[in-house]
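Alright, structures below, take your time with them.
You will see two complexes here that share chain A, one where it goes with chain B and one where it goes with chain C.
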Partner chain A sequence: MKATFSRQTLLSGIGLTQNIVSTSSTLPILSNLLFEADSSGVNLISTDLEGFAKVRLEATVAEAGRVTAPAKTLADIVRSLPDDEVALTTSGTRMTLTCNRNVFHLSTMTADDFPEWPKSESGVTITIEQSDLRRLLRNTLFAMPGRDPRKVLMGALVEVSADRLTIVATDGRKLGKASTEPTEFKGEGEKSVIIPGRVLTEIEKSLGDQGEVKLEISDQRAVFNLDNLKLTYLTSLIEGKFPQYQSVIPETFTRELQLPTALVDDAITRAAILAERKHHSIILSFGSGMIGVRAQSFEDGSYEGEVGIDYDGEPFKLAFNYNYLHDVFRVAPDATITMMVKESTAPVVFVCASDANSLYLVMPVRMHDLQGEEAEPAGVGAGDHA
Partner chain B sequence: MNWPTAIVHVDMDTFFVSVERLHDRSLIGKPVIVGGGQDGDLRRGVVAACSYESRAFGVHSAMPLAQAMRLCPEAVIVPVGRSNYGEYTSRVRTILESFTDLVEMASPDEAYLDLRGTDLLHGEPIGAAHHIRSRIAAQTGLPVSIGLATTRTQAKIASKLSKPSGLFVVAPGGEAAIVRPLSISALPGLGPKTAKRLNGANIRTLGQLIDAGEERLVRLLGDHGASYYRRAIGKGSAQVTPSRERLQISTEATFGDDIGERELIHGKLARMTMKLGSQLRKREQWAGTLTLKIRYPDFTTLTRREGIEPRTNDDTILYRRARDFFDRVWDGATPLRLLGVGVANMGDAVQGDMFEDEDGRKRERLLQTLDSIGSAKGNARLIWGSALEAKNPPAAPPEME
Partner chain C sequence: MTPAIATAPEIDPDRKLTFDRIVGHRTTVEFLTQSIKESRLPHAIALAGPDGVGKKTLAWALVREIVSGGEDSTSHRGSAKVARGTHPDILVCDNSGSPSGQIVIEQIREADDFTATSPLESPKKIIFISPAERMNPAAANCLLKLLEEPPRHVVIILTCVEPAALLPTIRSRCAVLRLEPVAPEDLEAWLLAESGEAQSRVSLAVRLAEGRPGRAMAIVRGKLLEQRGSILREISLLKTDGFAGIFGVADRLSQLDKDMASTLSILAVLLRDALAIRIGAGHALNEDLTDELAELAAGLSPEGMLRAATLATEAVGETPRYYTPQSRAHFLEVLVSRVGQELRGR
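And then the complex of A and B:
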């Protein structure tokens, strides 16, 4: 194989694929990238067996061929090179990368051992704007757990119908739900699948402001085509039953407040410094015209702050893990976020006016301090002014 | 009188005996020993509490029962656990907490109070201490000794000096003078080994200990010497840690006959974890660590701990975790002489999970109901089916550490 790329093309191609690899020692080839050169260009492919990534790179190909080389090493090499043409040649089991007056020789592994790209299956296909999908992923993926024995939570629920694409992710403590209208829908009926979070995180990074995404969903897998980037992600689905998220979203509320996103987030940042390390809890007390933000660490000390808000209802208190509030405030697009409360043991709903199709849930912390202060039938703890 | 700090030590006199006497008036005036092992077996039991009448014969708590019975053959032996001591502990605690939040239950029959900030409601510390004593006597019928001083050590010495059923005040500045004539072993925490070493240096009274000075005591006893000195002269700690923050609740049982059947042991664990769960719920706390203690007949003792994530106060979860933990720790063959289980690393908050299964929520409501029935009926014995395997509850009430 002999091909010449611009350094920038090669670097961005490696960037789009290098995270869909597996570093487990059982199948070392999974830590490699596959180069497939034909007369008109080069496909760069990676896989961790669960997911596959493929990007078509512009290149001048003098000799077609296939070869694999370690993703991380390639990334390090190309990143280090000057901005010039990079020539890639293979001879035997070696790959040579030449750029300017720099020459790297790399050990390779035969492309024959690289897993085959799965065959396509029939299913439904929807088309949406890339910017739309990016918004949906931003508003949901934050709620996915880093690790969880419940496998279904390690992915996002993707529900597709002719007029709706809805994505939901949750770790049971927080939840993000967002939906949009597809520009095009092909196929029959509705599909509801769980797509692994790892691939979705990569896709979110690749999505731009321009262009569309074509999403094909079959019974076994999902394929994302980003045509303008000549980029394809394919992933197998997570089997199992996603929690009944609709049933935990409260429909009636006893309180509704508008919070200044940045000011409240800042106060939470301050409170977090002295939040109890065991459970990261802070207490929000909502009173006439203000929110009190309070944290107390048994060992270290305490914080109390106030943020002015437009509220004149009954005072009440809620405790939260500050991380989850940060997560929501970070993705919320508006300067003001609406908080809706049913009771202190139910998830609290956050929504933004500019995006009626997204909502966030945060489950409050049950705290000793707040209990016994519950005065109203609604079950929300009464505050100091009650 | 100006009190820079006012610490009260509350010591229930012969607590278990006093509780038994409330239930059985015929025990009044007789030498009474409360003790015994699991399953009412007296062979291996120890004295949990003994009346003043039996103490006259040389009986003291923690003494093997067999020895106590030899010393005082006419003593009435009451098996430990016949009455619900925990119920009285919590009654006393409620009374104490009506004076101040700063109540540290040091054991089921002992507590420290910090009286700071109580003067507006309860007046001078001496008056408040009187009130505490009379209120406990009036509301529980139990005799209690009270010590009031500026530090924990002095308050504890004072309550001892007040026994039985008295009030002893060590006024600010009077600490050293009060303790001088006392034997060094009157200093809490100064054990027989240290006493022997001090006696060897001709230090027998706390007066001699104070006169020896800090430097000499450190030479004799190392760092502990400084602590003994400071506490003796009234410079010890006045820190009272409210029991909410206490570190551990545990319960253990020594078996009359060693037990080696897994199901039987699981049954015992079920009972013990029920008890722990109910205590946690009463305190509105959730435990993050489980501790396990097993002792084989040759006295080999294994203690292990592991985390529980997320924190819980649910009997069923505690039981399952304790059972699995036990199965991993136990060799599966050697019978047990002792089994103990406890919880630690308590948090007063727990993150809710929106998908917590409906079972979990139902169980929570059920536990609340059981707890309320349990406390309404006093000594009610509502137990899970799995706990029925074990015929008797653990001998010792939960200990605080």
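And then the complex of A and C:
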């Protein structure tokens, strides 16, 4: 294989693919990138077995061929090179990168051992704006657990129909749901699949303000085509049944409050310092014109703070794991966030006015689980203010 | 100067064969071939049998057959990838890199994660656990969860010497296939072709290997056949030296071959031969050593020799339990001491 790239093209291609690699010792080739040169350009491919990334690079190809080389080393090399043309040649099991007067020789592994790009299957195809998909992922992926034995939770539920794309993620304590309308839909019926979160996180990073994404979903795979970047992601699907999330979202509420996002988040940050250790919980007391934010760690001390809000209903209290609230406030796009409460033990829903198609949900900590706190009655307050 | 870089992965000898080249085990191979053909392969298969009988070789041939999806596994691209150890749909849990010699829960958790998504190139994802009896309790319980709700796109293959060493709950969820010893004529024909060694040497190895192709190959390729004289001399020392000689004999025996089971199986056969000569019953397997064996047997009680031979035979089966150098050394010292006691008459 002989191909010449601009350094910038090669660097951005490596940047787009190098995070979908695996350092697993069982298959060392997964830490490599695959170059596939044909007469008109070069495909750069990576995989961690769960997902694949492929980017088409502009290149002058003198000799077609396929080769793999370590992603991290390639990234380090190309980053270090001057801004000039980079020539890539292979000979036997060796790859040579030449730029200006710099020559690198690299060990390679045979491209035949690189996992094959899975065959395409028929399914449904939708087209959406990249910015829309980015918003959907931002509003949901925060709710995914870092690790969970329930494998279905390690992915996001993606539901596609002719007029709706909905993404949901949850760890059982918090949930994010967001939806949008596709600009185009091809295929028949509806699809509901679970896409691994790790791949979605990488896709989210590549999405920009411009351009569209074509999403093809079949029974075993999902393919994201970002045409403007000549970038394709393919991911396997997680097998299993996603929890019935609709039943968790309350249909009616007894309280609806407008909270200043940044001020409340700041108070939560302070309270977190002395939060109770077992549940990481802090207590929010809602009273006339203010929220009291309180934390008490029996080992370390306590904190009390107040944030002014527009509220004149009956006072009530809720306890939360501060991490979950942080996660929601971090992704909320508006300066004001609406909190909707049914009762102290029911999930609390947050929405933002600028994005009626997204909602965040957090399970409160039960008061009687906290030392020194009296159990609240089931209802948050009298009357129906929803 | 540019470095020469070798990058092609070496082929693991256990993965070299496809079903058509497996020696013996015809019933098992036919059962598995038919099951794959009729898409009714059990989701978990435990291949059981003594060391060297061919569990891993057969298991890898099965893996190659599964990934070939009904096509010819001798030429299938996926099958070749299995042989090279680069197939993306195979996950191996073994104890090769484990200081404790155990398969630990992290490995089984990784296997569990591995099952979350559908296979990429093969009809099934395959988890290969060997030796399965080396799973520690936490790992075994973790595997049990996977076996209780097996994803439909996954096959789990285990190998073990003795199924009884597995949790009963694991055993009951696997199709247990016992591998019987290979018939001597099949083994001899195979060993002659595969090893390229002389007929006499091959015949001797077959007689010593008890129907186990792996053991036969180890014997024919190793130095143990030449070292039978040394082993005999060590046994003779036990007749005379008593306790004083135990540590020296055990130490020298341990250095003969890295596979302790091979050394012990030869020790057992030599003791059996000496007994046969002593009581005038049949031929010695080690015909070439008849004189030396007769010399050893002189003055020994047949009952003591029988007990010593039995001890050595049982010890062969025990060897997989001792996988650290210290425990192996201790095991050998105790064995040598007991064999010596029996020979001298307790």
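The rule we apply is simple: the second predicted complex is superposed on the first by the 368 of 386 C-alpha atoms of A that agree within 3 Å, B and C clash if a C-alpha of one lies under 4 Å from a C-alpha of the other, contacts with A are read in each partner's own complex, and residues count from 1 in each chain.
Note that contacts are C-beta pairs under 8 Å (C-beta built on N, C-alpha and C of every residue); 3 or more make two chains touch, one makes a residue touch a chain.
Note that the structure is predicted; figures quoted are calculated from it, not measured.
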{"item": "Partner chain in contact with A:L49 - chain B first, chain C second, else both or neither", "value": "second"}
{"item": "First (chain B), second (chain C), both or neither touched by A:P243", "value": "first"}
{"item": "Partner chain in contact with A:V365 - chain B first, chain C second, else both or neither", "value": "first"}
{"item": "Chain B versus chain C as contact partner of A:T170, first or second or both or neither", "value": "first"}
{"item": "Partner chain(s) touched by A:A319 [first = chain B, second = chain C, both, neither]", "value": "first"}
{"item": "Residues of chain A contacting chain B in one complex and chain C in the other", "value": "none"}
{"item": "In the complex, chain A residues that touch chain B", "value": "170, 172-173, 175, 243-244, 248, 276, 278-279, 281, 298, 319, 321, 345, 347, 361, 363-369, 371"}
{"item": "Parts of chain B lying in touch with chain A, wherever the complex brings them together", "value": "244-245, 284-285, 288, 311, 345, 347-356"}
{"item": "List of chain C residues in touch with chain A within their complex", "value": "2-3, 5-9, 77, 81, 84, 86, 88, 91-92, 112-113, 115-118, 120-121, 151-153"}
{"item": "Residues of chain A touching chain C in the complex", "value": "26-27, 29-30, 47, 49-50, 93-94, 105, 107-110, 112-113, 115-116, 118, 149, 151, 154, 196, 220, 236-240"}
